[in-house]
């Protein structure tokens, strides 16, 4: 069975990737994950300036999933380049740098600093984080802002660009179209939903930041709808992100039109999940006479 | 313990209501539900013209919740008035008519026909159903469209108006503000998320309509965030809708700022839930020395 | 009778063949007041995962006892299979419309496919004393009988199996056609319940021979009481939908569109 | 040692006092290679509800066996309590930084509050042969002891209880102050683990008396391996956060801001 997949002329050993922010910079899990099972990793989002992140607590459980309000804590691009780049698993797998910012200039500055130094495979532009007040979410709902960022970054890099969109919007199709028109090679769908949970004993929110990003299994049906809706209007590859915990979840996203599958929160529960999920997908393929995993992409019968 | 609550000068026996579309027109459940536990019911949405609804299957389970694609099936306002109005439990509890339409005129026509005939307590304007192509969702994301509908209906009725908003939008605050500025007495937050599920054996969507409205427990954190965010900007009462299955869920919504609590999908699983949930809320109140349930509204410590 | 919600004690719950379970429960009112063809909406536990109830046909009743027979397909029925005698299971019912009993001069032919036999079992209890009736059942093979062989025999059920491992080798609708030939001179009424292809085949036979038939349909349900519009099935005349939980689950076979995509 | 993921057989799992459980598991490497103060990230079952693992301190180890002691608080620990000998539990570990052992001339004072005693038990195993050490434990009352009375005695643990039902009546930090008075002429090092108010009280005492202390902190965690930034605790100097899973869970008491809202 051939589990490799080609996207924008780049070949991936498997469709599996790791979701930004759930796999650090790729070194933290190194004794727990087999990189051969991954087509690539996406780093924690990196911004121009360092960000301390939000007030704790930053994670809680609710309704079968989790909510996080990390607030894009990261050392900033300069410190990242000085201290972290050497840890990236560039020899083991493809590495995509997730970039976040408050403005077009922020995105440009980070990408610009990266263009020459590391042998990464491309960028994922995070225009959709619900945990920062400026930038992030407001940008995520604004087609013009997203298009401007993508266009500007496109102008300074030949590398692969995926644009990560928020599910917190009425209709994904026009936003997807805008990102592709501006030069995106791929779309990542989706970032987290905005969520909240309350400790009724203390009558306090469970997160220091009150609201946060809701991920895990409850996000799956929402992400699946967005992937399918976007796949109806754009031709670029789609990286799915949202609630996958097993091989069957992943097959659902392939059928809906995704070519890349980002494992996120599941890595916390089961760091062995890339291997397990890959086995489960192979099992599905052999039961259904699928010789190439890529046959399944968008194969949903409607 | 006083479980009654007053909203817009109207008093409700309890904060519990039923969510539109999950309790029919109030007669279907009559041998199963004790109306004394309810502050009111909201009917299935009624439109000007009859609607047959979407292609089956119209309901499926996924990720701990359900997705429906009913498509607002309803007999249309004239048939409703002829055949259903007499069945409304007007003597037992407050009844709110949910109204849906594709245009300002649609909403006006339905409300106009209702103004004189039945002794209902008010209207819930459904500007947020994800299951109809025209109207519904597109309206739900468009502040001007929502404001126009509310303003027009406000001009022809003195009755209570709640406006039911979609969670499928980037930021709820401006939409909430727009609805209130246009004359809403209350807001209902939220309708369903757009979701999708796939049968990987058949490689087909589980719903005839492909996508549908995702409800039940996974919706709770999203609804809670929207209620809290809206409560920060508007002063009108908020009716919460989204994933409540027990008394503690309801207390969370009260703390976040809701005064009305709509039980929806849970009625399918447990038609006895209004009684049970009320007991569970009373238990919470007695444990926490709460004499009046209204004390809890917006009492979250942040 | 208006539907009630009852927590019913489980008297027994046993696997009668692979993945087929028989659960007998003690009800307060449902068993004594229900009619053949009605169903109950069954909660699969006290939690909310899976979220929905499962509709199951009411099987043979005895006083306050009611028999459910179900196949384990997914998570909900798996949980039902795990329940033990002495525990309680929550039923809402009786729901839906029953089969209409045959007129005085009519011979009843009951046609079940697999687990679809369940509502026909209680129907045959209603008929057997008074009415001439013939009970046909199609199964894939002898080890997938939905009821125990003893009961098949006791009820005089004529079985057809795809692989010939029990009874007639072939489809139950083949059996039906020869039965109709045998009863050529009588007025007959057909009572069907089974998988969609079987129901469609019955419809064709009935249209050709102008024989009346009622069939029970299966579609996913939400509320079970006619409130949510989840269980729609396309009307034969194409103008809109009927609700399986309220207008059915038993329909005159001519009222519903059974082409694939109509009911599911 | 780099963390590994191990499915460990449960040797025993028993309730030692109300809602307090001791689980002994057989590991391949974790027990033999861990250090006092490290923790494991424990999966509560094979499903995903609850979603996250639970961090638990590594307790006393014996060869490949490792002891976990936990209080049932919510759903995850409830599921852990239901696990039976012979089943397998999935651990990721060893995680985090251990306590730094005392310098040659230092006396160790171990100060535990309730279930916070767990990492101190294994620490005391490391110290007892070689180092003078004193082991203090605060509990609410005698029926809420986190370990069996035999073990308290065997280890010579001095107990304080809020209600005086066992040992000294008062706070464990009262015990600590008298101990510090007794050891006035010695260099001491404090090892703490317990609820926040206790840790804060230790910090005050240490600042006043200029005694070094290491404390282990508890905050909600996601990954447990330093990848997700969920487990942040405010730095004492206010410039940003430290990660409990990677920079801790054991911290120099002067490095972390323990005012409410700092760590939680």
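Chains here go by letter, A, B, C and D, matching the order in which they are written, and residues are numbered from 1 within each.
What we mean here is this: contacts are C-beta pairs under 8 Å (C-beta built on N, C-alpha and C of every residue); 3 or more make two chains touch, one makes a residue touch a chain.
Quantities reported herein were computed from a predicted structural model and do not represent experimental measurements.
Steps from subunit A to subunit C, minimised over paths through touching chains, total 2. Common neighbours of subunit B and subunit C, by the contact definition above: there are none.
Ranking all chains by how far their C-alpha centres lie from the centre of subunit B, first place goes to D.
Per-chain Cα centroids separate subunit B from subunit D by 47 Å.
Per-chain CA centroids place subunit A at a distance of 35 Å from subunit D. Separating the CA-averaged centres of subunit C and subunit D is a span of 59 Å.
Centroids of subunit A and subunit B (each the mean of its C-alpha atoms) stand 33 Å apart. Counting partners per residue, subunit A has 64-65, 217 as the residues that reach two or more other chains.
Residues of subunit D in contact with at least two other chains: 49.
Under the stated contact rule, the graph of chain-to-chain touches is a line, running from one end chain to the other without closing.
The full set of touching chain pairs reads A-B, A-D, B-C.
Subunit B meets subunit A in the complex at residues 62-65, 67, 137-138, 140-141, 166, 168-171, 193-198, 200, 202-205, 210-211, 214, 217-222, 224-226, 228-229, 243, 248, 251-252, 255-256, 284, 299-302. Residues 21-25, 28-32, 44, 50, 52-53, 55-61, 64-66, 68, 70, 73, 208, 216-217, 245, 265-272 of subunit B touch subunit C in their complex. Within the complex, the subunit C residues that touch subunit B are 2-5, 43, 48-53, 92, 219-234, 239-241, 246, 261-264.
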